[in-house]
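Two complexes are shown next, each including chain A; its partner changes from chain B in the first to chain C in the second.
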Partner chain A sequence: MAHCTSMQYEPVAEIGGGAYGTVYKARDTESGKFVALKNVRVPTDQDGLPVSTVREVALLKRLDQFDHPNVVRLMDVCATKRSDQETKVTLVFEHVDQDLKTYLDKAPAAGLSPDRVKDLMRQLLSGITFLHSNRVMHRDLKPENILVTSGGQVKLADFGLARIYSCHMALTPVVVTLWYRPPEVLLQSSYATPVDIWSTGCIFAEMFRRKPLFRGDSEMDQLGKIFEVIGLPPEEEWPTDVTVSRKNFPPLSARPITDFVPDINEQGAQLLLKMLTFDPLKRISALNALEHPYFQEEEALIQTNS
Partner chain B sequence: MPLQEQLTSAAARGEAAGVEELLRAGAQVNGVNRFGRTALQVMMMGSSPVARLLLAHGADPNVADGRTGASPLHDAARAGFLDTVRLLVEAGADPEARDGARSLPVDLAKRNGHAEVAAFLEAL
Partner chain C sequence: MAKTGLCDSKPLLDLHKKVDERRAPLRTWANACGPIDRRQPAEVEEPKTVPARVEPERRWERRLSTQTSESIIMGFHEDSQTCSAADECVENAVLLYPHGLQGLHSLQALVPSLLRHAVEVALEKLDLIWDRGYAWDLFLDMMRTQTRNAFSNADLPRNFTDATRAVLVDWIIQVHELVHFQEETLYLAVHLLNRSLRQLKVTTANLQLLGMVCLFLAAKKEETLLPEVSGLCSLMDNAYTRNQLLRLERKVLCALKFDLSYCPSLHFLLLFASVARASAGMVWMARYLLELSLLEGQCAVFPPVQLAGAALCLARQVLQEPPTAEGEAAWCLASSIHVGSETSLLKIMHILARTAAKAHTRETCATFIKFSSPETMHVSRHPGLKNAAGLLGICS
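Let's look at the complex of A and B:
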């Protein structure tokens, strides 16, 4: 790992203080452009950085070489020794000056056009497919972590760090939003890449609604809000490795998704339901979502128009 | 965290509601954070709501970055956000200001492929 050319990057503002470290908006004084600096403190022993950290950083660098259009570039990684016990690892990412939250807030009163939603979703799912095919899950997809350039290009930020963090998290209590969390995470069951599809479904709905679909204020409240829409799942789908009992929830049945997302079209509603599927094993994958008829419709339209 | 720090962070995160609240609570719109930057300098450039709020409260659009000489107009033009560029110009940002590399905002818009922004700045 390179030694930090910390002089090159000058912080200008703190933009995030997660459980694991701090995120800064900074200036790359060589190019004049803004970058996002993520500092992670990792414990060091006499052998230097933990193997797990070195491996995760190597994975991120390898991912970056694909130059995928829908993930932010990792421009630099530096390690600065803080003490005998601790090293600061700084990840330097391309900075994008707009997130999806701002983008949705700025949309005209009538909301985003169906074509715009479809384009954003296609890019979002392309980025996720890329990450998942490299066995990286994002785990914290939300409008603040989805960046949109002035040209309308979607770029995922904050991916692949979950494992670096979870190894070394100095569990300071931070308020994390529950609104995009899938049932398996809320239930503290085991989870994998389908978590990102659930979050993407919530965001898909939000693009039409312009407000979050499930706004719970505790894990139980969040689950309750989810079941009010998708219905209480059958007993046989309830995970067996969890302490929360299905009996805590009223036996609601599913309501039409269009009650909650009235502007979505038929195919979009079908895809959304496949993403908001309780059982992670039955939930659609990112790759299959991209092949869903919802995305083919417009293609047909473009072909007949041109 | 002091109000100034909070204001610049909220601006950088594009949180318009937070910015408004902090200004109401007495945060100085032209005050600097611990890095010596004002809220307008570090705001999320794509957040025209934040730009509008700060400028309406008297944010100075002509503060240059101490290190690179870039003004908020340089940064908004480089990132290609026409709505923010417009707001800055309407509030008196100088389109003829040069950064440390002698570039004009319009140069940065062109170099980064933002034709609409370049056309707007050229027409001034």
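Let's look at the complex of A and C:
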């Protein structure tokens, strides 16, 4: 039964907040388990809940039925009226204590083992493949919204919802990290599912480095940092529908990726470069990334070990 | 025992069993196992299916031209014999591994390309897919989600009777026609109503409002153009305020947990009709019978796919169109999709036949009137419907 009342969920701590609403860690008094309560404020007009919200949440609910191991569970949803202009949509997700950021921070000094990185990457890409095959883009992948359970299971969070509050976000001065944004988004060109692959590439590098790969403080600075690594793309790859000119950037050539990610093996470096490809059309897809030899290597190893 | 057609051949795709055996859907499973597994059959399959996919096309062409040339008829006969032999092998192989992951793998690789192709073409024709590459996955998803869309019993809350429900659905059908919504919206609205009635406490006085809210929510999910809430209120003689409607909208969304995804029986009907190459008259007749099923509370216990199969079978029996070789072959192909047990299909056909026989005498006759128009080929006035129940009775 649906009753997202304060009776059933007892807030324990505030996890995060933003222009779109707040996130609480709460205890489900019925099951005793912890949940993540997300309150999204939706502007409502005289025709009730916006069509976009109704469809978005219905889509999240539908995805949830597939029970994908690498996607966070949506346990409950409800809508409560706040005022004539606003409705609060509460989404109740399973709570996972740790995100990838803390997981990386807590890793031993020597860093994560190559096998661990590979396992995390495989799970991450499985989750993304699932979303993409259901025509859902995440759009805001970063270590903070990739959850890692105590058993080492990766679970994607915050997908789809990004779309609910994206229109809100443009209007409010929310600081959103630029570090995982692909060039096409930074250049304000059109974008599609390859955005998530770029972010995944950045996260892949970060698993080895344990610090972000590109740390820009503005859109232009972020682009500059990207070109320092992958080189300035050729004129013909520069999107035509953008205002930023290619001439604003120094003509840098690509540097070996191992200069920035020294611990990565050869196959891993190859895959990483395919993910950090400037042209979104040439960037590898999640499904193809999973088939990359990088992931097959380990299987061979396991087979010889067993 | 009467032959219902859609289940009398050996089941090729017993997806219902699979739902019980293994609830995780294909995508989940494929992801969990890693895509290497998932891709392997595709690669093995590639050389086999590519020519196979072209072949049915040629076969159809050949069949179409059978009337003109004797030599091609011979050719066709030979062809169909080898084809049926091959299909039999496939069937046996599938039956050997009907369950489990292994089974699914071989199922995917071995599904007769003819049926697969027909389903893909049908889904494309119905504009349900953007890319034919996803068609089969979509079809498997449609079949798998079926059991979720049936109710365990037909019981309504104590203060409602089937008659009350029928009056409400009849009114929804009228409003739906008035505001020119798509057919899918009507099916979703009635599904949402069925669920809401079981989840929410609504007084008799608010029943009409609940019906409208379900239609409004279905429209928010399906339609591109929405009527204004004030307009909807005036359709209810302003018996309720806008705020009442919006409050109930939130209540229903919460009760249903925003779960609005539903594969309507209409989609299955159109899919089967397309595979079976049903005539326009048969499709209208089946659509009429299927819409009548919305009025019957007892139909809520059957999954949409069975309602669709039963409606098409009954339409075929009522119309008794003269058989053609092409039509029979296509019907056989459609029948190889296993939609449910023969008993449940017959049960549904009996309900529909009884309902159709007295549809014109009832108070709830919006559907009867809707399908008596020239655009729908006057199907609801077809004389065969009067003794449709008898037709089934004689057969059984």
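The working rule: the second predicted complex is superposed on the first by the 295 of 306 C-alpha atoms of A that agree within 3 Å, B and C clash if a C-alpha of one lies under 4 Å from a C-alpha of the other, contacts with A are read in each partner's own complex, and residues count from 1 in each chain.
What we mean here is this: a contact is a pair of C-beta atoms (placed from the backbone, for glycine too) under 8 Å apart; a residue touches a chain by one contact, two chains touch by 3 or more.
Note that the coordinates shown come from a computational prediction; the quantities given were computed from them, not determined experimentally.
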Does chain B (first) or chain C (second) touch A:Ser218, or do both, or does neither?
neither
Under the stated touch criterion, which partner chain does A:Gln188 make contact with: chain B (first), chain C (second), both, or neither?
neither
Touching A:Thr80 in the superposition: chain B (first), chain C (second), both, neither?
second
Contact-wise, after the overlay, does A:Ile15 reach chain B, chain C, both or neither (first, second, both, neither)?
first
Name the chain, either chain B or chain C, that contacts more residues of chain A.
C
Looking at A:Ser113 after the superposition, I want to know if it touches chain B, chain C, both of them or none. Which is it: first, second, both, neither?
neither
I'd like to know which partner A:Tyr103 touches here: chain B for first, chain C for second, both or neither.
first
So, does A:Ser150 touch the first partner chain B, the second partner chain C, both, or neither?
first
Regarding the shared-chain residue A:Arg27, is it in contact with chain B (first), chain C (second), both, or neither?
first
Touching chain B in the complex, chain A uses residues 10-16, 25, 27, 29, 32-34, 97-99, 101-103, 105-106, 144, 148-151
Could you list, by residue number, the parts of chain B that touch chain A in their complex?
5, 8-9, 11-14, 16, 33, 35, 37, 41-42, 44-49, 65, 67-68, 70, 75, 78-83, 99-101, 113-114
Can you name the residues of chain C that touch chain A in the complex?
23-25, 27-28, 31-32, 34-36, 39, 134, 137, 145, 148, 199, 216-217, 220-221, 226, 228-230, 242, 245-247, 249-250, 253-261
Taking the complex as given, what residues does chain A use to touch chain C?
1-4, 44, 46-49, 51, 54-55, 57-62, 65-70, 76-81, 87, 122, 126-127, 129-130, 133-134, 287, 290-291, 295-296, 299
